[in-house]
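These are the structures in question, set out in turn.
In what follows, chain A forms one complex with chain B and a second complex with chain C.
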Partner chain A sequence: MGHGIENPLEHPEVRVVNGRGYLVSYAVSLLLMTLALGFVTQPALMPWALVGLSAAAAVAVLVQIILLFQLDFSETQVWTTVSFLLIVPLFIIAVGLTMWMFNALDARTMLAGMMMH
Partner chain B sequence: MVHVQGPWSELLGRLSPSAIPNNPIITGAFLFSAVIGIVLLGYVTYAGKWGYLWREWLTTVDHKKIGVMYIIVGLVMLFRGFIDALMMRTQQMLADGPHSAGFLGAAHGYLIPYHFDQIYSAHGTIMILFAATPILVGIMNVVVPLQIGARDMAFPYLNALGLWLTVVGAALIMMSLFLGDFSHAGWVGMTPLTELAYSPGVGVDYWMWAIQIASVGTTLGAANLIATIIKMRAPGMTWGRLPIFTWTALSTNIIALTSFPVLGVSLALLGLDRYFGTHFFTAGMGGNLMLYSNLFWMWGHPEVYFVILPAFGMMSEIIPTFSEKALFGYITMVAASFAIAGVSWSVWLHHFFTMGASPAVNTFFSIATMVVGIPTGVKVFNWAFTIYRGRSRFDTPMMWAIGALFMLLLGGLTGMMLAMPPINYSVHNSVFVVAHFHTMLMVVIYGIMGGVSYWFPKVFGFKLDETLGKRFFWYFTAGTIMVFVPMYLSGFMGMTRRLDYLANPHLLPFEVLEEFGIGLYTVSVYYFVRQLYVSLRDRSENRVGANAWGTGRTLEWMTASPTPFYNFAVTPRVNARDELIWRKEQGFENTLPTQYEDILMPKNTAVPLLIGAFSLALGFGLVWRIWWMTDLSLLGVVLTVIARSFVRVTDYVVGASEVEQIERRSRTRGQSPRPDSRRGGMGVFRPSRSNT
Partner chain C sequence: MGVSATTASDSGKAGLWAQHHHHDAISTRTLGFWLYMLSDAMIFAGLFATYAVLSHHYNAAGGPTPHDFIHPLYAYGETLAVFTSVLAYGGAMVALRRGHKGGVLAGLGLAFLLGAVFIGMEVNEFSHLLSIGISPERSGYLSAFFALVMTHGIHMAFGLLWMATMFFQVAFQGFTDKVVYRMLNLKVFWHFQAVIWVLVFSFVYMRGVL
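Right after this comes the complex of A and B.
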């Protein structure tokens, strides 16, 4: 296909990658995952643990988006960034509506009772 | 790792001679498939076509050939799904009331319940994921690059990979017919029935891995089509000039890319339950079986729109062509497509209104579902206004498009009924719901049949036979009415779905009518096959030029039929939304390029086929729990991908003089038929002597 630049290493998407960003994002992700593991190994998942878990996940996503994938609004990356931003409404719809539904559902079906005993 | 029932060995996993079903129906099906397979392989060997098959088809990265292969796989699976439907209709007609006779070991009818359950599960899985989806992906593959003036897809190698992964899924389902059994838990996979405790066999595993592997292919294909539409448009092809089918392809693939991963995750969690003994969807132990329904339909509903939007796109191309008018309300049509895509993410709960969610939740999803009627209504009116005061011609594609409109009306209105939770509570799980979604899927099938007959001459260079095509249309339509109207009625009378035995003998008249309807469908299948045969035989009489229907509007009708492998000799510069019409008006229609340029095209590669073969082994090993096979084939996939990344030269150059020659040949062929003009557009249909 005529993609203009023959050498894949000269593609702008490849050029933005750098070793420092990769290593830093790897280290931060590792740290956050360890933290998340610490949260979920609590005997009972407390509400604050869920908040901490979500925060750790959000920070991990941001670090990888910025340092690893180098997403921004430059001409090279703008479409990738736009497709990433599409996650936000989808996340709110999929996870938000599901939580709303199950919150009411557990109280209305026998499942909640079954899980308690 | 969970221990499974029955024997297991290191070498063969759960595979043993007892895995071969002992059932006269399956033996018959096996003999039928074996004979067809031997005849096909024998023909390829006898005619010395292996090299040709390998070079031109199996290793190709040409988007048109990949598209054609997608459509062939889809049509084969459509036939398989149709046979399943025929068997179900016959069972329900025979097994009515306590006095109905039993055959072949069944108490009533001729199918034992376990076998019947597998048939409806296979029917649903096949029709949605291995018939409708591949055919639509195939049509998008063929048409989108042509419509936007590209030479191929953005990632030709990835495109071929998507095809072969889909083929692997289809192959696994076909294997399950003759080796082991298929899932009996419905195409949706009803939890906790799909759990190992209730389905200890390999059926659910076949279902799960077939979908899982094929859905990877669909996801890759979606990314590819989106990238193609965004990045590969010809100069001048602004967003406002993008053909409407390409717009729907874009919206539908955005849905695919965002929703298929959800399916992958929910099936992977089910896999963890079945293979590692976790409790995601179990009835107890902290599992939540409702979570599965939630996750499945979070993919399932967008998938419904994934199949309907391209059908809408095809109708939007066919209707203007045969009304000889520009599409009415282009901008609202695009907006409606994206509105439908957008709403598709927030309606999934209407598949389980009766689960017990609170009235507020049900109301929200009910309203969201009804909102879909607004953009769909916009589309219906746009099509009607396009036809209004146009010069309408009723060629076969137009018949299918208008048929789809009527199906949409019937399916849409019953959908509005089902969108109301109170109605849903009384007809949930009845055949009324089955009739509704079949009417909706008929929109897709009508769109597909219209699209196939519309673009067939573009790909192959000759038209399909009109008389037989119309006969196919009318028998198919009569069959649709005869099957689904009685199904709506019996649904209102309270007949539940998935019944292998009908306790109420008063339902018998409906079942007899439906059996008559499926008979009409069978006749229509005969006419479809006959249409293909006659069209191939008489192809020299049905040859067409670039503008096959004479009133094409978009870019694809500007290049020769059959389209050369590089699509356009010179990349066209686009000036208007209906470019071909614009050029006709300006008198540029027959202008030839003054000079040709070298063209860079992707090289053939066997890598996607090889990855497909490894994936098939991986899927088979996972189903039968043959761990050495899974390990080796997974390693094979990874090493092949790595090895491919070292291949530096993936393109080749077609010289300008060669392009000029090909173009000149195709022009002279279009003007005066040769003496030996009983030749098809593609080598595969030529007698071997003249295949030079």
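Right after this comes the complex of A and C.
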């Protein structure tokens, strides 16, 4: 992580920049978002729309995070990768638990009755 | 706890707690800024959770639902602008690695222009929505919609301000330590906006069309 380098352009944080990774990330995520658009606009694909959308978003996010932020276990990037991995459960707890709690709440309150009318 | 024990460990793998190196400004500041961006991600987690809860049709309070006002092709155009801007910034980073000042300035300029296209599209979209009475105070759903999408938009606007600043710093100061780590941090900030936009596009815009 640390380096006694005079020229900042020789720093490992700069050397790790990968133009090919940026191009692949661009192509893959654009393709997946085009697919997501297809899922909601093409009647033939609509039955799978929600699953398709979620899968496209998950893969696009994964590809972007790995390729744009150059996450790996090299000496330069190891803490970047580890800190990211540690926040994933927090993200899942924050979004997932909130959705689960309110779903359960809706089912047990008058809101469920309102939905039927 | 010996330094010798750490350095004697497998040098082929990075040790998480390896103590054989000191911490220079570029390394510590890029890691520090990355941790800041992860805490920013938690703000978005809160906003996405709120949106998920309030996106049920009864929270529209009889007002418009996303199905009524979202245009998927327009949102796709915004996606194209964000992704291409991020790619242009990537081009600036490749030029930075090569020490090519003209390339960095060209990449920054293009990334700025495309980011401005995105902001312009979003301002146009929101002013249209407001003009037809679709505003945050209309319903819980619309409050959550505007809060989430505008938080991303404000991030983009601050990114543009930062990018304009870096354009002049690169032009007039060259590749000093400070300019280089600021470029690295802006890279993280700008690329982070693309990741958030994937989630906004998929779960707010495309999901809303269904």
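Throughout what follows, the second predicted complex is superposed on the first by the 87 of 117 C-alpha atoms of A that agree within 3 Å, B and C clash if a C-alpha of one lies under 4 Å from a C-alpha of the other, contacts with A are read in each partner's own complex, and residues count from 1 in each chain.
Throughout what follows, contacts are C-beta pairs under 8 Å (C-beta built on N, C-alpha and C of every residue); 3 or more make two chains touch, one makes a residue touch a chain.
This structure is a prediction, so every number in the text was calculated from the model and none was measured.
When the two structures are aligned on the shared chain, A:Arg108 is found in touch with chain B, with no touch to chain C. When both complexes are overlaid on chain A, the residue A:Leu90 reaches chain B and chain C alike. With both structures placed on the common chain, the touch criterion links A:Tyr22 to chain C but leaves chain B unconnected.
Of the two partner chains, chain B and chain C are each touched by A:Thr98.
Once the two complexes are laid over each other on the shared chain, residue contacts for A:Phe73 go to chain C alone; chain B is not touched.
Of the two partner chains, chain C is the only one that A:Leu50 touches; chain B does not reach it.
Touched residues of chain A, counted separately for chain B and chain C, are more numerous for C. Chain A residues 1-2, 79, 90, 94, 98, 102, 111, 114-115 lie at the interface with chain B in one structure and with chain C in the other.
Listed in rising order, the residues of chain A touching chain C in the complex are 1-5, 8-9, 11-15, 17, 19, 22-23, 26, 29-30, 33-34, 36-37, 39-41, 46, 49-50, 53-54, 56-57, 60-61, 64-65, 68-69, 73-76, 78-80, 82-84, 87, 90-91, 94-95, 98-99, 102, 106, 111, 114-115.
Chain C makes touch with chain A in their complex at residues 13-14, 16, 18, 21-24, 26-27, 30-31, 34-35, 38, 41-42, 45-46, 48-50, 52-53, 56, 58, 72-73, 76, 79-80, 83-84, 86-87, 90-91, 93-94, 96-97, 99, 175-177, 179-181, 184, 188, 191, 194-195, 198-199, 201-203, 206-207, 209-210.
Contact residues of chain A toward chain B in the complex are 1-2, 79, 86, 90, 93-94, 97-98, 100-102, 104-105, 108-109, 111, 114-115.
Looking at the complex, you find that chain B touches chain A at residues 151-152, 154, 156, 230, 254, 258, 262, 284, 286, 288, 290-291, 294, 298, 345-346, 349, 355-358, 360-361, 364, 599-602, 651.
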